[in-house]
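To start, I am sharing the structure in question, which I have written as structure tokens.
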Amino acid sequence: MDLRYSAAEEAFRADLRTWLAATVPDVGPPPPSNDLVARRAYDTAWQAMLFDAGYAGIDWPREYGGRGASPVETLIFHEECARAGAPYVGVNFVGCLHAGPTLIAEGTEAQQARYLPRILRGEELWCQGFSEPQAGSDLASLRTRAERDGDTYVVNGSKIWTSFGEISDQMELLVRTDADAPKHKGITWLVCTMDTPGIEVRPLVAANGSVEFDEVFFDDVRVPVENRVGAENGGWRVAMVTFSFERGSAFVSEMIEVARETAALAELARKVTRRSGTAWDDAALRRDIGRLAAELDALWALVKRNVSEAARTNEPPGVGGSVLKLAFTELNQRLGELTMSVLGRAGAAATDLDGLPLAELTERSVRSLALTIAAGTSQIQRNIVAERILGMPRG
Amino acid sequence: MDLRYSAAEEAFRADLRTWLAATVPDVGPPPPSNDLVARRAYDTAWQAMLFDAGYAGIDWPREYGGRGASPVETLIFHEECARAGAPYVGVNFVGCLHAGPTLIAEGTEAQQARYLPRILRGEELWCQGFSEPQAGSDLASLRTRAERDGDTYVVNGSKIWTSFGEISDQMELLVRTDADAPKHKGITWLVCTMDTPGIEVRPLVAANGSVEFDEVFFDDVRVPVENRVGAENGGWRVAMVTFSFERGSAFVSEMIEVARETAALAELARKVTRRSGTAWDDAALRRDIGRLAAELDALWALVKRNVSEAARTNEPPGVGGSVLKLAFTELNQRLGELTMSVLGRAGAAATDLDGLPLAELTERSVRSLALTIAAGTSQIQRNIVAERILGMPRG
Amino acid sequence: MDLLPTDDQSELAAAVRALCEARFDVDSLRELEGSGFDAGRWGDLAGMGVFAATLEESAGGAGLGAAEAVLVFEELGRALVPGPVLWTQLAAGIVDGAAAGETVVGGLDLTGGAAGPHLVAHLDACDAVIGVAEDRVLRWDADAMRAVPLADSLDPLTPVHHVEELPPGDEIGGAEAAGRMVADATVLTAAFEVGLATAVTDMASTYALDREQFGKPIGAFQAVKHILADMVVRAEVARSAVYAAGATLDDPEAGDLDRIVHAAKICADLAADKNARACIQVHGGMGYTWEVPAHYFLKRAWVLEPLFGGIAEHADAVAASLVS
Amino acid sequence: MDLLPTDDQSELAAAVRALCEARFDVDSLRELEGSGFDAGRWGDLAGMGVFAATLEESAGGAGLGAAEAVLVFEELGRALVPGPVLWTQLAAGIVDGAAAGETVVGGLDLTGGAAGPHLVAHLDACDAVIGVAEDRVLRWDADAMRAVPLADSLDPLTPVHHVEELPPGDEIGGAEAAGRMVADATVLTAAFEVGLATAVTDMASTYALDREQFGKPIGAFQAVKHILADMVVRAEVARSAVYAAGATLDDPEAGDLDRIVHAAKICADLAADKNARACIQVHGGMGYTWEVPAHYFLKRAWVLEPLFGGIAEHADAVAASLVS
């Protein structure tokens, strides 16, 4: 039980820090969040820089072109990148964090050769076609169907919550190939190229005004059988491999960002004037901010425990991920609430004013609402924790 | 929509207040809470005084010996009694608030004549035999059985959470008379005299050290058939009448007590010394206490709405009672938490010290834990609100 | 003592609700994004007597009380009616033409010292602006504010202008008028929030009955059921306090006015914010889309919470009252 | 970097757990009501090396670190071990005989200014008392305290004496020793609370699987499931902070010691109180009986929360660190 990094880990960190210090200042500011084309260019350029420096696919095995970093090195990587203000994985997250690892675990050699290098170099952008309008928390009830026609699957139906669908090249797509089987048993995992005829992508505007999410409609879309990953009707298991891939480093970048935002909120509170002094003179508000910062420190320790577990077992931390997600997403929403409390009446403006970054702060508070919903609602996460850690019956 | 009382209501209040002012000072302090015999004597003496002054059975119909007060007068009655520091209904609560009203609604004339006057005069004490070790939230799954043998029922089984069972004369008892019927359909409501042979009462010590609750064991206890209230196997409906009797005035005495305790906590906080000054100098704690007091004012308004509804319809306020119970019991627990926060390290003592009433305050904090459990847990209350107000499926 | 609406009051509320359902349904709210104001609908509100409700009959008003105004604002909140409705109602009898809705009056909350940027909502639609502090009421012509329109507002239905330096303004009321206006404004804001909290409870409840997952409506799951039950509790508690505050404004001797005003705003702030958040959560992913209007309600709740003091300020005031 | 116990550390924790299960099972706790101390069991703890754990080997201790002490105290908390264990452990190497458990040492938390009544727990069992403030460590003979035993204590396993006027005492340590002792005491208290929070989670979870209502185990109901899940989250978050605090005490350069100590106490205070409350709620009526030991855990949590600063004091300190 110790927090000291090994000499090798410290060397890894030092090299990375040197490279980041030399590289990040030239990257420039990120484009506006709703300019998806510019975002793709920006994030892809960063991905290519990572690739050239040997940091792409940080925790992918070396034989698949990755860095092969240990869980601890992966933690260090995310930590240092976030501290240096480097671009986040951004639009490449599905390829780097979901589709790529799935192909490594379940793809054929041909599929791996076809897709993995382009993900690593940022050449191809991936999106995810899992959720459907009627299949959210109950993902396995998905209805988008694929019928075999010779050496292709013919896909009909629709998907929702596809991030960056408009600018993606490939989609990891779950379809129903056996309507008569029990719902988890008739699902197949396909790679679907987004320029295939019959695909229509419609952006969904989110509550914060962003257009990152799409609905995707499939009308007789023909996907070659060779694009299937895993067995026909074996897609549920393949999808679950994807979900459990991260070995403890999930949320690391976000946590460092939240720590920075919390410190910034304290500084902001000293600038927001109130009747007598500033918002920071409100002892109760100050205490709430202090407590949030402390709980964030505790979650950072939980990340280190999860990473330590992954390092020992070389397995994902299991439901430790659900525990972290529950705690961190709610903390992140509380930060949004505290932000609005600090702003007071100024929060009605979403345009910067009097030195207050109101556009960013109000958008942040709205954005935090999605966190307890996306990737498994807090209600679903609590079921998982109670059932898988404590063994409560599913019923 | 107005808060002003009518002239008649004000006259009722003035008379009552005059009587309370003349009467309460002579009542003397209540006995120690674990001296049940003394408590019975004390509460019974008060009940007899109410009876002599015409206030017993405040909202019972006049034809059954009650005062026949309106819902608003009943509210005034509870309010004035609490403000005057009069004894609470205490050990007589089952008779006055549950068994009596049930007999009025469902008893025969002979039963009414036998039991009601003695309840009103405080001559007979009632207890409740509803819950069982295996039938708590799921009350209808009760197993204590009664078999017909000529003109008696022979009762076997056990009950739990019987308040004041040790000192009671009569019990309102739910038994299963048809084991084959669906669970709500085989239940019968009996009056069981507590000195019947075969009854054993064992006190249960509560977490606050009190001994008000008992387990009651029945071994071939013979209850005359004439003691049945309502039809055989019709007891569930009879029991539900009892549960819905209060016409909006539930919790009134407790709320006035909590308001007094909240104000006292603020004063206490000014006496508890901290590093620099007193606990009241802690702005966050102060705000929490202020907010609790405000929420209590809002709940007082909810009581008035519930009473107004009862006055218009002459019906109980339905699920308004569940809404109030949910909000008030949680508020009451929060007061317990705030009390411990104000006390700080002094809270480890349960003996008065340095002018701090630690025995009472720490006991109060422990006692508040029962509130979200007794008479329907908060979980059950939330089901009721969602199902009966919003129409959610029982699921 | 009767804390339920009378038949007349219920009829008034029903009439306002009918108007809102006809003229401020969700799709028409979408049309008002970025402006929040439509002259035709404003005229409908005026025609219903919303602005003149509490003005004395001798001055051309309906002579109704705060109890009625509370019910009207609860309905306006339920429909999330945008525009400077509150300020114009407060200005009736003070600013010419406000009662009839001919003069559109915006406002500035100057209570609590009002440090920080001065923001005026809907200024483009306004003819006049009033400002209220604890001790006085001020008035400006709208074009005298020299305000800068902001590109974006938190609530898409509540555009704001920034007044960099507040011009002097005419003092049109002293401490007494200001005190009453602040109390009215606080309670009517709370009433609006109660309507909002109720609307999102209804919206979430309807969705929970309709949306199926795992083979049954999500409202059959206790996790959802309990979220909904807590929404009901918050809305009903706040409604009770707001009704009592309305009745006490009309009859201050019937209760402790300051305390019940604090209680009303605290509970309504809480209900509006928490219920709108819960509504989004119950809707799952759809709740986070622009298309489902839950976010409008939450954003409005956030705009209203700090007005005339939020939970913190009112709780502090109650705390002070406990030991005085 | 490895924030899990090593094999040696796990073995140590398992040995302490085995001792606790054998000697401090729930029924034996009942026997200790009102005193909380039993010389035989105290000897067992001493025999296990609990008090000498972190004392240097040269001084006759086991030379273990805070990381190990944290695991030991987590196990003691899980079993709700009563008695002045913490103070005697802190006194090892400072008060003769403490490390061997031969001198039983009680204590006084004098941090935070320590206004209000001075209470010493288990004084009847103690030979000596130490007191720690931010800047010094004091020592008294137990019988020099001139303390009054109180008839009742909140926690039936933690009897208290009241010291009306604190006698002068010997200064046995300055600011440096005091600072380290306060940090140790804070983290070990938090570790004890984590054990406590975990024990009640296990207790509630066992009951939820066993107790049936409406034809199934209550743990099948989402309302119960989600209470339990939140208990797991609070316990795991607190445990993580406490492990990190232990590791940082052993290697202060590996992190921000002050910050992680604050985090550990805040999260452990929260987990102990909320989880013990939740345990009672999950047990329903039985949870409120004396017979079911849930209340012992909650009462101990309430006794521990204010020691060495509670949530409020630590959160205030973190807030101050954000802007310094």
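We call the chains A, B, C and D, going by the order they appear; numbering starts again at 1 in every chain.
FYI, contacts are C-beta pairs under 8 Å (C-beta built on N, C-alpha and C of every residue); 3 or more make two chains touch, one makes a residue touch a chain.
Because the structure is a prediction, the values reported are computed rather than measured.
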| item | value |
| --- | --- |
| Higher-contact pair (C-beta pairs counted), A-D versus A-C | A-D |
| Taking each chain's C-alpha mean as its centre, the one farthest from chain C | D |
| Rounded Å distance, chain B centre to chain C centre (Cα mean) | 39 |
| Distance from chain D to chain B - Cα centre to Cα centre, in angstrom | 38 |
| Sites on chain C at which at least two other chains make contact | 221-224, 226, 312 |
| Two or more partner chains touched - positions in chain A | 282-284, 287, 379, 382-383 |
| Residues of chain A touching chain C in the complex | 131, 134, 136-138, 141, 160-161, 204-207, 209, 213, 272-276, 282, 284-285, 340-341, 344-351, 353-354, 356, 359, 362, 365-366, 369-370, 372-374, 377-379, 382-383 |
| Of chain D, residues touching chain C in the complex | 221-223, 226 |
| Sites on chain C touched by chain B in the complex | 1-6, 9, 67, 70-71, 201, 205, 208-209, 216-217, 219-222, 224-226, 228-230, 232-233, 236-241, 243-244, 246-248, 250-251, 253-256, 259-260, 262-264, 266-267, 311-312, 314-323 |
| Touching residues on chain B, where the partner in the complex is chain A | 282-284, 287 |
| Touching residues on chain B, where the partner in the complex is chain C | 1-6, 9, 72, 75, 262-263, 266-267, 270, 280, 283, 286-291, 293-295, 297-302, 304-305, 307-309, 311-312, 320, 323, 326-327, 379, 381-383, 385-387, 389-395 |
